[in-house]
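For clarity, chains are labelled A, B, C and D in written order, and residue numbers in each chain start from 1.
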Amino acid sequence: MSGPASTDPRMESVSGSVDIDKEATAVPAKKAGGEFLYFALRSRKFLFATAILLVLVGFAIFGPMIDTTDPMDTNGVQMSSPTMDAGNWFGTTILGEDVFAQFVNGLRATFFVGLLAGALAAFIGMAIGFTAGYKGGWVDEVLNMITNVVLVLPTLAVLIVISSYLKARGVLFEAVFVGLFSWPWVARAIRAQTFTLRSRDFIDLAKLSGRGTWKIIIQEIAPNMSSYLFMVFILLFGGAILFAASLDFIGLGPTGGMSLGLMMFNSVTYGAALTLGLWWWFIPPGLGIMAIVGALYVMNVGLDEIFNPKLRDI
Amino acid sequence: MSLQVSDLRVYYRTLAGDVKALDGATFSIADKEIMGLAGESGCGKSTLGNSLIRLDGRMKYVAGSVTLDGNALPIWDNTGMNEFRFRDLSVIPQYAMSAMNPTRKIGKMTGELLESRGENFAAIKPELLRRIDLVGLQRDVLNLYPMELSGGMKQRMVMVISTLLDPSLLIADEITSALDVSTQRAVAETLVSFRDHGFVKSMIVITHDVSILYQIADTILIMYAGKLAEKASTSAIINRPLHPYTRMLVSSLPEVGVRYADKKLSGIPGSPPSLLKPPTGCRFRARCPLAFDKCAEEPPFVEVDTDHWVACWKATGTDA
Amino acid sequence: MEMGKSRVIALLAVASIVATACSSSSGSASPAASTGPAASAPVASAPVASTAAASPVPGASPTANIDTTVYPRAQTLYTSGKQWGAPSTWNPLDPNAAMGVVGLQYETLFLYDPLKDVYTPWLAQSGTWDSAKTTYTIKVRSGVKWSDGTALTADDVAFTIAMAKNPVVGSNLWTTGGVTAADATDASTVVVKFTNPAYQEWAQWIYQNAIVPKAIFTAQNTADLFKFTNANGVGTGPYLFKRSSDVSMVWVKNPNWWATAALQLNVQPQYIVDIVNSSNNVALGQLIQGGLDLDNNYLPGIAQVVAGGYGITTYFAGAPYMLPGNTAVLVPNTLKKPLDDPAFRKALAMSINVDDIVVKDYGNVVSKADPTGLLPIFSKYVDTAQRDSLGVSFNTAKAKSALAAAGYKTGADGFVTNKDGSAIKLNLEVPDGWSDWMAAENLIAASAKLSGININPTHPDFNTVVADRNRVDATTPPKFDLIINNDVQVGNTPWTWYDYVFRQPLQVGAAENRNFESYSNKDAWALVQKLDMTPIEDLATMKTLSSQLQKIQLTDMPIIPLWYNGAWSQVNNSVWTNWPSDKGNQVIPATWNGYWQMNSILMLTQIKAVAKP
Amino acid sequence: MRRYFGRKLLTYSITFFVAATIDWMIPRFMPGDPVASLVAKQAGLSSAGATALVQYYNDLFGFQKPIIVQFFDFWAKLLQGDLGLSVYGHGRPVVESIMGALPFTLALLVPAILLSWWAGNSFGAMAARRKWMDNAVLPIGYILTATPYMWLGIVLAFVLGFSLRIFPMSGGYGFNLEPTLSWEFFTDLVAHWIMPFASLFLVMFGGWAIGMRNMVIYELESDYSRYLEALGAPQGLVRKYAFRNAMLPQITGLALQLGVIIGGQLVTEIVFAYPGIGSLLFNAIKSEDYFLLQGIFLFIIIGTLVANFMVDVAYVIVDPRTRVGMRGGTA
């Protein structure tokens, strides 16, 4: 098992949304941000996804404040189905743990992992992608090699080795780890994009003006694909969450701490939730992940349509 | 009279609303005429060019008529237009570099295209090869993939393909913009030679590079903010421009080759108005040094001299 | 339309499995297309829905049955719990031998009933000490045949005892055990000579160790003994090896089992299918849906299941549901401050609310341990008066005062500090994923906190726990502060328990499995050895010695007994009934190694098939 | 061409070396000592018995040899296809365990990948063509592709297995059967195979469908499509080109997704206790059988590399541009 890749092959293809044809939409010269907002507020997909995410983020932030029970606390009634009474909205596990408390705390961890891992992967992917694409030559060769190696490296094996040096694996560790293994496809894609930009005359101009590689990358190339980069991050975010969930489910999740993946793992492998019919234990975490990741993907399409006039549906 | 366009209005639908990119164009092109179509980015020249051949997804036909050699073109009807395309009017697109399917050999693709139009490829092939020679390409380009050709070669290939069925009208959209100066020349001359060989009857050459039009255009049509500003013979436009915008455009003409994309119009302060909600009256008013109260009314596009049309109160006289 | 295509591929795929599965399956699986029975079975419900409809008549000769490819549900017993990972060896001398190798296939001289403390002659007709108690004479039962048809002789027994000399076997019979000779004096008599016999361990040996056929094992009696996996071996027991795969193993009834004639014992199941453990979920699913008759895993929430009307029962109808199987103890590292101080250890013992663990963590499927730590079966060795006076129980107040009295002052954070004022923070380690213990350690920490003892519950990987637990050498203290351990199983003698607690000298390295707390007490160890050297009939001496050892244990508190882990066992009554229970047949319903010969084998003769064929 | 594959092979061999070395470290760089853990799991051993067992295992696994020697032994054995002995299997050859599990894994994985890829692409292409289908495929696709593999499995097992009892909830085939070439065994296999296959298939299907749909839309927007339309080419031709080109990134996608797919395979097998590599891995992790883990990972590594290579080859076959690149044409 290796890092997650984009579910959206477009992100691999060079077409992307770099070429916005100005002629087509002679929108009055607004600021990019303003324009973004302008269309964002008119994209049903984007708004829908954002709404869902906001709700879940709300749960993750305020949930633990509302329900302060320790998700591992076994003091509750065992295997009680959901009721209206406070602290039992989602029922309890086989050990009497509060499923709601586990869910909201799990959401936190899940978002945390997604964000951190996504950001880390995006960063590495960009660094490598830009350098490879811009420098080309042997630098490109080497970086390409590294990318391919990481792409097929058995992530689990590495995880087991690394975790063996740690007394316990935390959520932070998981996030960093997932991030470290999710970037290869990004690097590839960005390399390709950079390739196409590298030859444009405004880059030559920048070169002539004697600016340094990184200055050019940051000031000229990156802005030209800012929208694309943002979408890449969104996809990484979702991918990381799914990846982390799988790790949890194989039993390599954080030791201690709670996550949606762990909830599923516990409910099935330890709690026998299926055969005891404790659906309220394993349904919420899966739905949660599905909602988050689904929303992220839909948001990605929305953004695509926002950034790329060719796709704006009327 | 090869092409007649009257009061053509084509808007862009965007989430923001309709962009009135082409807001009432009336002009005509004679047989053998090569008409240059010039203006700043976003003035609607490409919209005009495209609308004649194919309205893409976000273009909306609003009003006006187009007749080519006497037949009215149903430009609002994508499928209805098909029978005219390629045979009667054709295009060399802005994106000629990427106009050919990257995963098909050029010959195969051309063949499939022709067959799909009910032409007999075998019958046409000799002529195809002759024209390939003419534009100075190797005959075996037909066995190559587009990526194996240089930019200039691709462009010439596209020119050959587009004109293969001897269309009456050819629309060449910004075909020189991506090229270096010397190639621009070559391409321009090729266009003329196409007309002289009778591959095409008449031509619309869309560019923001007026200088290139010197060499090839018989007449020049200047557009501004979705409206026609002035149309006249090339010499007239250069030597006796009437519209203040044309004057500035011409006066600020740089030496051949440099493109407006690179440098702002030095002479003209300000930028074109939004075509979402264009101002009433003359759309150039805001930037016009000669603007006066009359300009609050929209100036008509009238023939002030033989084959010299202009839309400006100053030129037509306030009493008109 | 893609479904059509998928079906094709599905079939291809499946076909490939069949091919490999067949080729890989060991044992006497015959490719002969089976006749009738299961053809009618609904696909979906296998193995749930029984194919009993047309099953071979009972007593049909095994040769007839060997060819079946479907085990008739009504005649098949499905078990699970012993086997972690695919069965890998059927060598009865290997402690990792597959489920039932010792008990179902190979047998011991005696059976031992831990519930009644009775030895039953099995392969032995009798076993007697001479008056001097230095010579033990075994009369081998006549009429016992190996499954290859040859007779069991005294030679086999003598040879098996002699094999204990092989270091690989890992027995101390010929060293501290005191055996000096073991000879077959005639076809049915073996005379074993001793000097300073360890009676207790010998008594253990005669029911724990399987007799193996000399003819086959002579060649194997080398340093590579364990490399001999002995699949489809030759035994005397009621079952024969049929086949094994990565996920299950099948025993088929031995029609010529000696006990049928000799003792009128008849094992009921024609087949025993033992399923390799996977997740609790799968196990419980199979049990509830009737795919599993006897499960020997710890299944959380089993109390609710028993109440849930699934037809699942346990040994006791109510709490504690299970017979006690071993004692879970809190092991302090007595080489570290402050755990080197008996007073502190006592206070620690007082600070732990075990009842809380029993109820909240285990839902009453376990019970609180006796302060002596001895399993209920050894209750006769408990000096109750002494226990009640010396033994401690959960009492926060007493714990606090005890700490104060011992000179442990409470620091600013409310936790007691070392006498030198340094902070106390004890790491309690249990293996990650052992959920019931992880819950337990949290409860322990919580209740110790009330008494001002700072315990930090952690759960690293199992390997780390073992690494922290084991001594590198006799002097350097091991890394851990506190661990939970439950290594001592049900057996015939309290000696095992005291050997576990007081073992001297301290073992080191990977082989360490006694006295994890590193508690050194010469007197105690002397008593333990004395107990080992006490004949099992001499109950009085055994009691006195135990009492003395209990005194030391209760005063010095080298380890802290917590609760009795159950001999986990839950059964489904839909196919087989008359399972062991406190009301009925009182044997431990367990399939683990070592339990079959503790009378569990009798369970197979007692259960009744529901569907009369 | 040779240069291209030469480079690929180089990458793969480097990867293999790195991965295999990391893999080799697993059992040896664990905290503590696998043998100790193994003995620790043997409750009720006499102390003499424990000592003997330790001795035996140490000889068996060769932990006493110097580390570097162990490393070379590892490679020597590996090249002979020997993946060592399973600690938890008490010296059972790892290869044996893997070979027992492999057919089950392949029987799930191969059909699931191929069918979902095929079905996903066809549906995605259709969706890009018809609005009403798009409205159906898009949301379904996104829901499916956002679903964690194990969760879909859990839900299927709960509904179809536990509640409705249509399919068996776990295992590869009924324990009441012996693997023989008989009809009932065969049908039983299928019954056990359906649900895990379905959960793999569905999730992947969603991904491919979405991907294809988006790709086709992009291709239909692309310059060459616009040019064809400007020259009045019928929709048939335009689509033909668009689909063909849209397929290419889907092939690369296959390679990039492989890691995720394998992950999905593992968790799915765990949910259904399907006796494939995944369950084997899970048990190996639970029981800290690092030699088995090592073997399984080596297997996954090799599998991934082979699959990647096959994708490379496939890509060269379908995308002329790569061939041109190899011909050294002006790119």
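The rule is simple: contacts are C-beta pairs under 8 Å (C-beta built on N, C-alpha and C of every residue); 3 or more make two chains touch, one makes a residue touch a chain.
Note that the structure is a prediction, hence the values are computed from the model and not measured.
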item: Intersection of contact partners for chain A and chain C; value: D
item: Distance-maximising chain from chain C - centres being C-alpha averages; value: B
item: Chain closest to the assembly centre - both centres taken as Cα means; value: D
item: Two chains sharing the most C-beta contacts; value: C-D
item: CA centroid of chain B to CA centroid of chain D, Å; value: 54
item: Chain centre separation (chain A, chain D; CA means) in Å; value: 22
item: Centroid spacing, where centroids are CA-atom means, of chain B and chain C in whole angstrom; value: 90
item: Chain C-chain D separation of Cα centroids, rounded to whole Å; value: 38
item: Numbers and ranges of chain C residues touching at least 2 other chains; value: 279, 285, 289, 433, 460-461, 463-464
item: Multi-chain contact sites of chain B, meaning residues that touch two or more partners; value: none
item: Chain A, residues touching no fewer than two other chains; value: 164, 251, 268-269, 274-275
item: Parts of chain A lying in touch with chain D, wherever the complex brings them together; value: 1-10, 12-13, 15, 145, 148-149, 151-158, 160-161, 164-165, 184-185, 188, 238-239, 242-243, 245-246, 249-252, 261, 264, 267-269, 274-275, 277, 279, 282-283, 285-286, 289-294, 296-298, 301, 310-311
item: Of all residues in chain D, those that touch chain C in their complex; value: 30-37, 39-40, 42-56, 58, 86, 88-92, 97, 99-104, 106-108, 110-111, 114-115, 118-119, 122, 162, 165-191, 193-194, 197, 201, 270, 273, 275, 279-280, 283, 286-289
item: Residues of chain D that touch chain A when the two form their complex; value: 11-12, 14-15, 18-19, 22-23, 25-26, 29-31, 142-143, 145-152, 154-155, 157-158, 161-162, 169, 207, 210-212, 214-215, 217-218, 221-222, 249-250, 252-253, 256-260, 262-264, 266-267, 270-271, 281-282, 285-286, 293-294, 297, 300-301, 304-305, 308
item: Residues of chain C touching chain A in the complex; value: 279-281, 283-285, 288-289, 299-301, 304-305, 360-361, 363, 432-433, 435, 439, 442-443, 458-461, 463-464
item: Chain B - residues contacting chain D, complex; value: 53-54, 56, 81-87, 90-91, 93, 95, 98-105, 112-113, 116-117, 144-145, 147-150, 158, 161-162
